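There are two complexes below, and they share chain A, which is joined by chain B in the first and by chain C in the second.
For the complex of A and B:
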């Protein structure tokens, strides 16, 4: 692990810190993880080469339709290289997002700053929740087939390559056959120094007949400092596993955020993703799920609360490769001020995947007439015995609902708030962890109320 | 079920597979060059501005890339150098049935344009290859000032009316194929309906391709003046050829204040035709435009009728039916561009994929932020008949503004075994049952169609499903 180093707030004045696109950035990232096996160096080298070669996506690419991507997004950003001891202490003390957890890691600018060991009962049953360095040292056999193997398919090839080349920390959760977790394990990722890139990484390997629960939280130390985040999460749900992964993205509103998640669902697994998107100036979230085993059931839920000039660009892919499986997607966006959202979803049903049930719904609530919602809900169906549908709606609050509440003596502002909270609640209740749901409620309500004031 | 399902895709493609020898008095040869474009302008004796328009369009066409970054790769199989861009008999449009040459009449006979249809059709404009071969209008319509002519005649005799809107709804550079059409267009209809005139009976034109490797590039412009109403019907069939042909039309509709235009198409080109059509309407205040679009034939159809809702309270509608059989890709959809307050639009699309056919819906709904109280409703339903049938849906919706709302829904399903069993237990054979189920699927759309078209459409669908009944 890299030693904590003191970072100037103005990173560009620090000559020892190479920019993201500089060869030294890659070499530092390679050096940051000691004793890497050859296969990993090879994978990262390949990713670095790809990152250097691939062009920045442009709006003309079909997969970036409607998106605004700053041409300078990668400029003057340096890879995060840890925080000083004082910052580490301060951030660690602010990281008790969920008190009732089974283990927690806290990272700041790619450095591990705090951890609560995994519940010994789970550890005894063979569950492992470790950071990447430990995973590479102690569990090479487990992670070699899957670590950094996921490919971007929705347009972010360049950013995924960047992540693979420069990632130095993150978590690996392994749950062996038949073991059930009830409380979640938590990973908190802080972005601290200005103009610094962070690379959160989540790798979940759930063996057959397991029950798995993980929460990722993305936060910024400084509410103003420009940030860059490029994360990846790979979830492997084994046969008959129950996997739940929740991610709360609450970077500050000067951050460029790229999230790339891939779920693989095997036979009869139930995999649930819940994403709450609050922060970032521009957030690009690519979420793919591949159903490879019959009978699997995948849920993809997302709630976004956007304001000011935020842009949330969401691209999803539900691939059904096996028959008798179900997938359900619900992305809800509420938009204030000049905020923009883009939802582009695609359901692909392969010709093998008969008896598929696949659904995709995008609901956009326009709270200001200056906000802009774009929907591109897509279907590609190659099997005939399927039930597939998608729906997209964009509207403001229902006049009738508002009238109903006001007719019962509720003031307009309160009535509006109730309706908006009701809109959020459909996703929040999917979180099914009271404590986390309450935390999310606080955050989204706070953001909405602050705006309404 | 799967064994029977296989046979369902065996559709008789030989229907309409006939072809008459014709000698073409005017032939621009093969390939596309500035000389060919000049030749067309000269043969048609066009004004200088039309010639310049064509030449400019050719340059745009050459510059624009194929839209294969989002559209089917099959487009790359079009060899533009092998296509004839103009040919006609040099006939002037004729006014009475007797003057129509016999061989042309015979072709129409086989196509099933019955002579007695004229009784209730206000006018018949039948296009044989590029030039209007037969054109007739009821006298009372002429008296009311309705102009119904070919594109060449329209631009020459009524430039004051048509030039104002020609190429304005669909500019040359809208897409590669609108540029192509603008360079080499010939044929098509130009219609003007004066203020307040309600044309009670539909105007109709039949199109037909009848030369191997010959692209048909008709151009249609319909203007309904304030408070006017008109319905236009377009149907086409084509004989089967061994190499691909290209059909690339441009249709522009202009509905001025409180006017109503209804445009109905039944497209049944043979399955080697690339049918790449740009259709768009402009609706001014209080105007209403309805596209009814049925695509049954062709190898690849790309067609997304659109309405630009330009005036307050304008209304746009697209009702679309697509039937994709083996070897066919029906890539259809709708565009609704809202540019004024209180505008509303409705899109209902139903597609049926048979055998290895592929049906695609692409849509665009746009509501910018300066607008208020706009509404859009979109519904897309896809029916998949066989295990290897395919369907895609790719809508794109942008909404901002005050009190605007959009809803989009799409569903994919198959004809359920219970439905088929139910009908068969009442004495229908499987083919009839399937045909009935398919007709039931589209019935809530076809009942909005003019009677004769819903009958014709039912007949065409039965014909397509006919081979599937083993």
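For the complex of A and C:
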């Protein structure tokens, strides 16, 4: 297979749009958000300067070991600048991913194209689920301390800086003290025009004693068009909050995807992340959790279905800064064809974080001999009274399990699929939303069906 | 086409080590045959060869199921053609529920484009689970995962009764069962007995055969059937043990 390029032949429709690295791109992004407070302009200017200065990472960097990063990854890409009305209608009608939600936003090429208002009952209780523009206008006080403040610590400083400088849309979810949501709110992000960049942004502020549930979905309009996505999610789980955030990355397989997520867990909070990784040609996913309050419980789950020449580069960091807390990470990958996965995970336990329980597991299921799974688990423990473990396994399908299924009359291909789906069930079961779990099963099954077709 | 499973001059080996040695046995539909013999004599190998396990090399002979040579078939084809192997050690399959597993097996028996009737399926599944005293909650549990020995064996019989095979090969189904579980399993098997079904019950102990009374008992030793008789042969083996076989084999040699 030829290496897909991000050079697009149809970009002529909007000649005025500057390329990603051009000063005009930044100025347009600044202009796109009206009435920005000074602090925000300063933050974005700083980010833009950093982006301009920082070199593109290379495989020689420890944090990019095993990764293959195209040197031209930023070239000839223009920031997404919305879609025409017809496209907006078409995409909005394709966005009913989860029917039973408490509110939804749909974006296409960084433009808000559709929304379903937040459940009035939640709105009444003070919950806010708004796009960035509204957040900046109406909730400046709430977001100023945290918006665009997260720092990349796993290698993607340049991409995080790019995101901060150019982000113009996304969602802000605020749940005030004591309020519980059961149904999730949903944000759907579409990438539409070829060779444009999208910058999905998620900001969750869960105050104390809340229950919070959000789902992000990343999709491509066109199955072939070259794409570039650079997202950020910042999740603040207040004391005794229950926060669930799920992200389904299903960009097309000509997309370069950079995801940077940061979760902060305060005292006694229970924060659960579930990531489903299906799409992109190259997907770099950095996921960091900081446990800042004692007794917090953080879960980080991920499932990945790799095929063809896809590369899934996953870097994780679990930082325990407070005692008596638990973190549990489970990343499961299945690999077909010539695809590659890289899992590099680190658990850091600070010296005051006694009685920490921290676990990290990466399981890779190799379905073809040509696929390659890399695993770099790590621990850095400064406290002396902790329980920590990390483990990585890379295995093929068990022949005896396959024989058992076939001995019941199930054809080999179906039997293999059952085993692979079974491998992922451990993650899907964690989703704890029946409708979404079923949807994820469909997406995973669909990818295998498509692959075998 | 004769309605029987005919094993003729079967020789099989694993990793170059010969296990089955000119084995001959005919199991007609409608009969229950037992194979008894000491450990390590090739009983489980026979079961796996019949089910088409690829680790075993067939060095000669043939196995005709209703006239069709199954040694050339894949495990799934053998199963769909009507042979069922109840495993001595059933595998644990993470993330695949019993309901989905049996459903996939039944679906594989339908023509392309034909869908299994789900209502009918669950009705039958629950009936048979009740019969085998398997809690209905098990349908959503992963196949054999965390099951006790008895639960695994009952789950094998459940699959067997759902798939309706012509020939059932039961590999040491009694191992690891307490007497209550043994009764439940034997009852499940006895209810399946009939003119259109043959059973090959492989066991080391006579005990199982008190509950599943065989028509014919074969004694296996060193990869061959060395003696065939009626149910009384099982009792004789129980009393005398297997030691005399060695002596007899030595004399014959």
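Keep in mind that, in the parts below, the second predicted complex is superposed on the first by the 440 of 453 C-alpha atoms of A that agree within 3 Å, B and C clash if a C-alpha of one lies under 4 Å from a C-alpha of the other, contacts with A are read in each partner's own complex, and residues count from 1 in each chain.
In this text, a contact is a pair of C-beta atoms (placed from the backbone, for glycine too) under 8 Å apart; a residue touches a chain by one contact, two chains touch by 3 or more.
These figures come from a predicted structure and were not determined experimentally.
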{"item": "First, second, both or neither for A:50, with chain B first and chain C second", "value": "neither"}
{"item": "First, second, both or neither for A:354, with chain B first and chain C second", "value": "first"}
{"item": "Partner chain(s) touched by A:371 [first = chain B, second = chain C, both, neither]", "value": "first"}
{"item": "Which of chain B and chain C A:407 touches, first, second, both or neither", "value": "second"}
{"item": "In the superposition, chain B vs chain C on chain A residues touched", "value": "B"}
{"item": "Which of chain B and chain C A:418 touches, first, second, both or neither", "value": "second"}
{"item": "Complex interface listing, chain C residues touching chain A", "value": "51-54, 74-76, 78-80, 85, 87, 90-91, 93-96, 100-102, 104-105, 108-109, 142, 159, 163"}
{"item": "Chain A to chain C touching residues, read off their complex", "value": "398, 400-401, 403-412, 414-415, 418-419, 421-426"}
{"item": "Chain A residues within the chain B interface of the complex", "value": "60-62, 65-66, 351, 354, 364, 366, 369-396"}
{"item": "Chain A partner contacts - residues on chain B that touch it in the complex", "value": "69-70, 353, 369, 372, 382, 384-414"}
